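As written, the chains take the letters A, B, C and D, and residue 1 is the first residue of each chain.
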């Protein structure tokens, strides 16, 4: 618990409350999601299926879609068996329920995907109605699934790699809090903009409350996020970190929330990414070493993403 | 009818006229749509089919699409019967028109969805032309339908839950008008921005007119719409609510229009939502109680959407 | 040719040159497109196929797509005939080239749309390769066509209806230039913003040049484009229309370019529309009459789009 | 290596470092991409497949998709052969592995594209499972491929043509750096905005460093990018080009980076394009000649894109 010495006003407009989270836990997870649970409404009213399906890890998404495909086929296979396998012309008549189900299942999959070989085909009113509904449903549900598949693939993302540590380094006769990031993929980000918010868990009138501060960044906009970008928060009288020594800092429960926005040329859209650092990520007395250099033949610049966290110790 | 005592200038730039709606009715419905009817142009010129289909409730949309599918099949079934059922190879020749129509109907559905089993197939020039047109039309119209289906599913929406009441609470030695809302789903809204407009139906020179005022919000932007957000309009000399007591307020015909905009990370798009409160939604002398608390194990924050309207009475 | 009496500086940042168009012709057409032709690059380098296909009138677009479908089928029909109709199993062997072409044509359409009945099927290496390529090509080209079809349908558009005339009316002890518009469809436009630019063709040192002026609008932003919006350009000393009487105005070759931007809730996108008025559209001494009124039962507002141009004569 | 005489502060917010590139090489390539290589992360983590596939030249993209289609078919053909060609009903039983593979290949392509003629059809549990998986996979992967195909086709692009040279011309009793561009296609750009950044490779304390300067543009926004737009950077005391004569200029290693943003009506989106000029592109003492003129019949304006670089020599 720190006794903050700075005189700047704390913020109210972060969207987090003053008693939002308990001591030592975070508001924002490393991956930028909120460390928050919502209750009080039925699950389905609280769920945006679209968001959930976009957030799902790739493998889980594929498994889900495959499960969905299988279940629909099982459902229709049962319906065809109930209608009577003899109404699927081309199937072997069998007394084995399992074999009939199997034949109905594959006919169903041929209908759902509209591949429709036709060696099996519906005959009679009922079987035809079911098959007609299934192919209709197939097109509609594949519209959702393939749309989602592509939406996931093409979703605007910032693809930023952040330094693991947040450091306190000497800077222009004073100290500064610094962190570093770069775009790690072959995208092209322009007009990038960063924001730092500090959340401090402090004691006030015997109660633990969370106080928020905008951490001013020396240069909060750049034209092109070509190389790595080091955010520099100078620790002056306006900073909540003002006059805290290493010991005090390490005992303070703080969280630094980083938000970055930029324009991506290929998505023609704004992308954004968030992350946060806690006291555990702080390195006191270090400075970042360059993460890029000229190529040996001098023809281009090389950015080494592995070296985003490369630093050397500095004594104040 | 109130005699407004405030001295601030009324607004002209709301887009609503001074005689826009009758006494006691609203400009904006609870769901954010306009309480407005347009006439004077043919229906089709006034209709944006795209907007209409996106706004349609889910069940109605599905029924409409299904009706559309059925009607096209009926249309083509009639054409095939007119061309002659004998040109659909594989059908049973029958003298029953109903049975022929049935066979043609299912062949049509197999063509439209491109499932094309082939146990029935077109033969002869005319039947082939019709089938070729139908499969072409099928692809084109399913492009619209499946596109719409996905557009509905993925449409950027804010998913905000608002408090049912708008309250007047004590605030910093004065009074303030307050309402509260939160994102109710698993989306992630940042850079949220709110706007309050007050519409007052007042008498002026014996005529009822509507006057509009911007209701200043103490903090109209927040970085992250993580928890609930309470909009606070301080009732000072600039406010149209200035010096109105409970009785006067309750007799005033007013409407408070709320507009919220935010950036949604997953849509990578700005989302917005509107709603409005009328005199009937006002609770005089109450304050909101917190809608969120720490989880029992202290590891995260819990937001209870059911408690957005939770308040306690206050005496001024 | 007017001698403009106003003292405000003319604009250079319109993007049009000072000798952009000849006397009496316009820079912007009524539908908002530029009255401009580009040359000096090969046609294909000057053509954005996407823009062209989105701009094409609906009927022409459908005809084009249908022609495209027919031509591809003709092409593949020829290939199948060249490969040998006997390699399409299920076709009647015939010596009539026309009949063979016909059979190949319909097989092609069944392959392209992936309906694939199968009563005709490729046999032999060559026919199989061609059919395999065609179905692949079918999927790829239908991706473009159906994508375009949906893109046209869902393209963000403002759907504004403008008054036919631009009027000069008495306004607050002076005169003002006014025009009016409204959203004519069931869309919901918020945060609308308008811009007026005046282009004057004047004589300068014996040469005709075009001068541009921003025409200040009294209220250039509104929160919600719910009803009709009248843009009011007060003719004061800053206006290029300052002290021109009716005669002088009618002899002046001017063009007023209107640009409107707004946020559409359903597209979740900014939409914009432009149009322009020339001297021929000017009505001197008139004022607009309200285009909306209360519904007879007082429950909502009625906007009559037919009355956007409704005005009455005024004598100055 | 120049000794820059201007007194304005150099920029730090370009996103390029002070030792980003070697002498004589560029930061931004002519096509606007970064002259930069990223290392230090596994290839797949550095690759955004979506960006890569959108950037690929058209022919390469089509070849890639076709290769993908062929490879999947080969894979499934092998699986069908392994399962046993006799489980594909309708194939000729043959002892030739090549012939069996061929038959399996074409069955595979009919399944993948969902054309499913059905003259060959799976029989038996295993073959049916494989075919069912393949048609499922076919729909899913064609969702990606056709989505990409359309995304490439409809991707918001600015389509600007730039003058080949950057010139230094006399301008209002002084000199100015100028370059010119125009939209070369049938798109409609409004609210265009340009930015010029100068990068100078200079010696500082015996080390070559890169210094960046914002090059002020006389008019950096225009309402409509209708005709050609000439960017004018006046060389005054604030300019890094201040008092450099032709010789000095030609010996200076500089790079002028141009960024243009505009709103495209048909994409309803912001588009942007970048390019850069180096010392080699500089023409000292020249002025641009108009690239547009009136059409012979006076009815519209003609913009000749071939004449964007048309200039005449000027002696200072």
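Worth a mention:
One rule holds in what follows: a residue touches a chain if its C-beta (ideal position, glycine included) is under 8 Å from a C-beta of that chain, and two chains touch if they have at least 3 such contacts.
Bear in mind that the values here come from a model prediction, so they are computed numbers and not experimental data.
Taking shared numbers over all numbers used, the chain A to chain D interface scores under half, which places it in the different class.
A count of C-beta contacts for the chain pairs B-C and A-C puts B-C on top.
Chain C has its Cα centroid 38 Å from the Cα centroid of chain A.
Chain B and chain C have CA centres that are 27 Å apart. Multi-chain contact residues, meaning those touching two or more other chains, occur in chain B at positions 110, 114-118, 120, 142, 147, 269. Here chain C touches chain A in the complex through residues 114, 116-118, going by the rule given at the top.
Residues of chain A that touch chain D in their complex: 65-66, 69, 73, 102, 106, 109-110, 113-120, 142, 145-147, 149-150, 153-154, 157, 159, 161, 184-188, 190, 192, 219, 221-227, 229, 263, 265-266, 268-269, 290, 292-295, 298-307. Residues 12-17, 19-23, 25, 27, 32-41, 45-52, 54-55, 89-90, 110-111, 114-118, 120-123, 125, 128, 131-132, 135-136, 138-140, 142-144, 147-148, 151, 155-156, 195, 197, 259, 267, 269-272, 274 of chain A are the ones touching chain B in the complex.
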